[in-house]
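Alright, structures below, take your time with them.
You will see two complexes here that share chain A, one where it goes with chain B and one where it goes with chain C.
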Partner chain A sequence: MSANSQDIKPTAKAPDAPESDGGRFAVPPWLRRAAGVSELWTFVILVALVAFFTIAAPGKFFTTYDITQIAVNASIYLVLGVGMTFVIITAGIDLSIGSVLVLAAVSAGEYNVHHGGPTAGWGTVVVCVVIALAVGTGWGALQGAVVATGKVPPLIVTLGGLGAALGIAELATGGQDPAGAAATHLQNSLGFGKLLGIPWMVILAAVVTALFGAVLGATRFGSHTLAIGSNPTAVRRAGIPVGRHLIKVYGLMGLLAGLGAVMWLASYGTTSIAGHSTDNLKVITAVVLGGTSLFGGRGSVLGTVIGVFIPAVLTTGLIVIGVQQYWQDVAVGVVLVVAVYIDQMRRKTRERA
Partner chain B sequence: MASAREPLLAAHGVVKRFGHVQALSGADFTAHAGEVVALIGDNGAGKSTLVNVLSGVLTPDEGEVRLDGVPIRFTGPMDAQRHGVETVYQDLSLAPDLDAAANLYLGRELVRGGFLGRLGVLDRPTMRREAVAAFGELGVELKDVTAPVTTLSGGQRQSVAVARAVAFANKVIFMDEPTAALGVVQRARVLETVRRVADRGICVVLISHNMPEVLSVADRVEVLRLGRRVASFTAADTTIEELVGAMTGSLDEPAHNGNHAPVGTTEAEDGR
Partner chain C sequence: MSSTRITRKVLVAAGTVLALTGAAACSSSSDSGGSGSKGGASGKKVRLITGVKSDPFYITMTCAAQTEAKAKGMDFSADGSAQWDVSVQRPLIDSVAATRPDGLLISPVDVSALTPSLKQIQSSGTKVALVDTTVTDTSIGITRISSDNEKGGRVAADALAKLMDEKGSAIVISVKPGVSTTDARIKGFTEEMGKYPNIKLLPTLYDNDLPATAASQIQSTLAAHPDLGGVFAGNTNTGTGIATGLKQAGKQGTVKVAAFDAEPDEVASLKAGTLQVLVAQDPGAIGKEAVDQLAAAFEGKTVQKSIGTNMVAITKANMNQPEISKYFYKAGC
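Up next is the complex of A and B:
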C-alpha cells in the first residue's frame, strides 16, 4: 500500500557501504534490501506477538471481536500517526496533537451544543466536522509557520502549542466537557456504524492511511518531505520552498488531529478534555517503533501502521491471557528505546562512510 | 582559443564586503564556452566568494557580471540555474537518504502525465532511466540507482552531484574543490568527467588547491589574491612555480598580467 522503494533502507552493515566502486559482495540486492527494511523487523515482532497470544489463549485472542476492537481502538492513533510520520520525517516533532484534538473537539462540540445537541440534524454534523478539521489545520499550520522561521525548534513550538491549545479549550468550556457535544447521527454513523461488518472508524483510518502512504511514497510532496529531513540545505539550494513545505506538513498533522477529534466525538460522544495528555507520546512511540527516524529523512506510513498495532495487540493480548495490562507500558517503553538505539547506530555507521 | 570570441561569462570590478571585511576588491573574471578554467588563490583570497557572486548565491556590492555579453544580476541560485548556470557545492548538497535518481531530479522532479501528474505523482521509471543514462554519459557506473546515496562511495556521491549539474547546465558549471575529499582513482574520474563536460561546449570553473591537478585538467588558470585577479595563464604554457608565485605575490612583477597572460584571454576590456 504505502511501501515503496523510497522506504527501503540498507542495513548498517550493507556490504558495499564505505569502500571504493570496485569490490562488492555478491549478495543479491533484493536480499540486502529486505533485511534492511526496518518495517520488516517491526512486522516480525507484531506477527510474533499475535502468534504468541493466539497460542497462549487459544480461541480467545484471535477472534473477530478482538480484532475489530483492536482496530477500532487503534484507528484514531493511526490517523494521528500518519500525520506524525510526515512531521518526524522532516526531522520535526509535534507534541501538541492531543491538545489540538481537544481544541478541535471542543470547537465542534460547542457548535453542536448550540445547534441541536444530541438530536442535531445532518447539517449541524457537517458543520461540526468542517469546524474540527479547520481548527486543527489552522492550528497546525500556525505552528508550522513558526517552525519554518527556523528560530524556534519544533519541540518548543509544539510544546507551547500543547499548552496554549489546551488552555483555550479549557477557557471556552470552563474546563468541563460540554454535554451534548456529539450528535446522535454522528455517533450512530461513524461511531458505531459498519459496512459489510467493518466499522466505519476502521474504514476511515484505512483510507487515510492508504492515501497518505501513497502521498509519501509516490508523490513530489512526499519526496520533498523526505529530502527536507535528509538535508534541508540541499533542498533549499534546489529551489524548493522549505518553509512553505513545513507549513503544509504541520498543517496536515493538524488536519488529521481535527479528523481524530471527529472520530473521538463519534465514538465516545464527549470531548474528554482531560483525556488526551499522553496522545503525543503514544503516537510518537508508534511512529518511531515503525522505523521512522527521529533524525529525519527516513520513514514510512506502513511502518507506522505496524507501530500502532504493537501496543494495541499487547494491551488486548495481556488482558486476554490475564496478565496486568500495565506490563504493556513497560514492554513498549523498552522496545522504543531499543528501536531508537538501533536507528542511532545505523546513522553512525552510515555517516562514517 | 579564438581571441575575438565574446566570453561566455565575465565579471568586471566585482566588490563584495562582509561588514568591514572586503572579500572581493574589484575582481575580474573571464571564461569561455567549452573551456575548463581553474580559479586558484591562497586561503581567503576570495575564490568561494567570487563563485558565489557568479552563481547567484551572493549579490555583488559593486561591479558587473555578464553572461553571453549581457549584463545580468541573478536573484538567487535558482535564477542562475534557469540561465543554465549550475553549481557543485563543496559539501555536494545531496539528500543522503534519497536515491541517486531522486537526487538528480531534486526540485525538478518528473511527474506522470495527466491527472496523476497534476496530483504530483512521480514518474519514477523515467527518472531512473534518465538517471542511468546521465551517469552512463559521465562514465559512472552505479550498480543500483534506487539505493540511497548515503550507501555510495565518496566518488560515486561526487558523481551524482556532478551529474546533477551536468544534466541541467547548458552554460556554466562551478565546482568548489570537487576532488578535495577523493582518493586517487576517484579524483582521476572526476577530472575526466570535467574534461568531458567541457568538450560538450559547457564552461567548467574549477576551484582547486592542487596545482598538478589544475595544470593537468584546466585550459586556463585565473589567480586571485586579496580579492583581485592578479594573473591569468594558459595552462599549457605555465608551471607550478609560476602559479604559486602569482598566488603568493612573490613573482608579482612578471606574473601580474604580464608576459604570461595569453592574448586570447586577457583582452583589452580587462582594463588593467
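Up next is the complex of A and C:
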C-alpha cells in the first residue's frame, strides 16, 4: 500500500502542500483541522441523523438516557478509532486490532483468574491493566517493526497478526473464555461507575481522544505522522527516521487496543474471544467516515469521533423507531459511501480552484 | 475478516486430511474391522465425536454415554473437535473411520459438509447415531437424538411470562438467522408468547455473535419500549452483552433474561441475579439414549428413528431442588 501511495502522493498532494505549511505557522493546525470542511460535512450528516430520529421518535431518542447509552457503547470503538486514525494517516492499516484486544484481554484475564478471580484486590487490577497495555503495545510495535524494516505491506503484516494474535489467545485458553477474567473492583469502577452522572467509560474515551487529538494536531509527533503519509521519501530525505516513527505509530495502536481490552473486561466481565472478529471493519469504517484518507497524509481525530457516532446513532435510532434490523446494515453502508463520495467531490472542486 | 481465519484453517485441515488419508489407506489393508462377536452389545467398539470438546454440554453428554456404555460392557472412547469447525472435525471422523468401530455417536458440526465422510463410514458397516446436531441427508444414521428445540422455546416463554407477571414487552435477541436449532427455539418461543394477550413480542434482533452489538440493541430497545420486561438470549455471547447493557441502563433484575443451556458460568449468573431463567437441555439423556439405541441395533431389536429429549426451566426459586439441579451441565465427569 505504501509503495503505491508513494507514486500517487506527490502529484495528488503537491497543490496543497505549500498552503498547509504556511498555515501551520499562522493558525494552530488543530484549530484549522477542527474547522476543516471535511469534518463539517460529516458533522452535518450526524446532526441531520440526530434531528431526524428526534422528530421521528419524540421523547424517546434525544434523551439523557439515550445519549449516555450511545456514548458508552461507542467508547471502546472511539479509543480504537483514535489509534487507527494515526495508522491510516501514515498510509497504513491495522486489521489486527480485534485480535490484539482479545490477546491483551486474555493475558490480563488469565492473570486475574490466578490471582483472586472476581474478588481480586486493587493490586491485581493494576497489574492486569499494565499487562493488557504492555501486551497490546508490544504486539503493535512488533507489527510496526515488520512494516518499517521488512517492507511488507501493513495490510499483510496485520492480516498475519490478526490470525496469530487470536490463535495465541485461543491456545492459552483452549478457545473458551476463562471464568473470573475481570475483578469486581474493575467492573464496578471503570465498567459501571459514574462521575457526576457521566460513566467512567465515556470520560476515559474522551480524555484519550482529546489527548491524542492534540498530539496529532499540535506536536512534532503529529506532524511527522501526517508528513510520512503524505510523502515518505521526502520525509526520509529531510532526515526524519521514518521506520522508528512507524514503530511508534503501530505501538500506539497496540497500546490503545490494550486499553480497549481493559475497557472491555471492565464492562463485559469476560474476554469474548469470538466477539471481536469485525472490530477492525467497524473502526476502519468510522475513521474513513471521519474524512481520514486511506491514501494517507490527511485526517483528524475529531473526524473519527464523528465517524464513530454516525453508525452508533443510526443503529440506535433505527431500533428506537422500530425499523426492521436488516435495514440497519443497508443504512450504515449507504451512509459510508455517500459520505466518502461527498468528500471526494469536495476535494475535486478544491483542487480545481 | 473471519474469512481469512477460515482459509487458514482450511489449508491446515487440507494438509491433515491428506496425511490421514494416507494413514487410513494403510490400516484398511490389515483387516481389523468389527470385533467379531455376533449379537449382543457387549464388547462392541463404540466411538463418540462431539462438536466442541471443551463445551460442558458435550462433556455432560460424553460422561453419560460413557457410563451407559460401560454398564453394557462396550469398548467406548470419545473425542471432539477443538473448535466448531468442519475442517477440524473431518480429520477426526476420518481417523475414527480408519479404526472401523461397530458404532459411532456423532454431533456433526455442519448439515451437509460431513455427509460424504459419514456415508463412507456407514457403508463400511459402522452403525451411526446422530446426537444433538444432524445432517440433511436422511439416509445417514440409524437414529437421531436431540433436544426438542421448539419445546425449549415454549418452556422459555412460559417461564419468562410468569416472571414478567404476564405483561409488558418482550424481545428475542439471537445470533443470526438460518441456524436450525435457534430458529426452532425462536419459533416455539414466539408461538407460546402469543398465548399471553398482555405481552407484546417485539421483532427479533440479531447480534452476529457480538456482545457489544447485543448491549447496544438491548439499550436501544429500552429507549423505545420502557415497559420491556423480558429478553430471550440466543447464546452465551448474546447473554453477556444483554447483561452488560441492562446493568449500564440500571435495569438489571427489572428486565428478566432467559437463556439457553445450564453451563457452570450460566448457573453462576443465575445465582448472581444476572440471568433469571435457564432453559436446560438434557445432554446426559441424549448420550445415554444414543448408547441404548446402538445396543438395540447390535442386538437386532427395533431402533427409534428419532428421539426428542426433554427441556426444563431453571429459576433461582427451583435451582436447589435435586430433580432440577441434576440438569446442570458438568465441567468434567
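By our rule, the second predicted complex is superposed on the first by the 298 of 353 C-alpha atoms of A that agree within 3 Å, B and C clash if a C-alpha of one lies under 4 Å from a C-alpha of the other, contacts with A are read in each partner's own complex, and residues count from 1 in each chain.
We adopt the following convention: a residue touches a chain if its C-beta (ideal position, glycine included) is under 8 Å from a C-beta of that chain, and two chains touch if they have at least 3 such contacts.
Computed from a predicted structure; not experimentally measured.
In the superposition on chain A, contact of A:281 is made with chain C only, not with chain B. Of the two partner chains placed by superposition, only chain C is touched by A:312; chain B is not.
After overlaying the two complexes on the shared chain, residue contacts for A:330 are found with neither chain B nor chain C.
By the touch criterion defined above, A:221 reaches chain B but does not reach chain C. In the superposed pair of complexes, A:175 makes contact with chain C only, with no contact to chain B. Of the two partners chain B and chain C, more residues of chain A are touched by C. Shared-chain residue A:234: touches chain B; no touch with chain C. Legend: residue contacts after superposition of the two complexes on their common chain; A:69 is shown touching chain C, with no touch to chain B. Touched by chain B in one complex and by chain C in the other is not one residue of chain A.
Residues 1-2, 4-5, 8, 52, 54-55, 82-83, 203-206, 208-212, 215-217, 219-224, 237, 240-241, 244, 247-249, 264-265, 268 of chain C touch chain A in their complex. Put simply, chain A touches chain B in their complex at residues 5-6, 8-10, 14, 16-21, 24, 29, 218-221, 223, 226-227, 229-231, 233-235, 237-240, 297-298, 350, 353.
Residue ranges of chain A in contact with chain C, taken from their complex: 57, 60-61, 63, 65-66, 69-70, 72-73, 76, 95, 98, 159, 162-163, 166, 170, 174-176, 179, 191-192, 199, 267-270, 272, 274-278, 280-281, 312, 315-316, 319-322, 324-325. Of all the residues in chain B, the ones that touch chain A in their complex are 77-78, 81, 87, 89, 91, 93-99, 102, 106-109, 111, 119-122, 124, 141, 143-144, 146-148, 150-151, 153-156, 183, 185-186.
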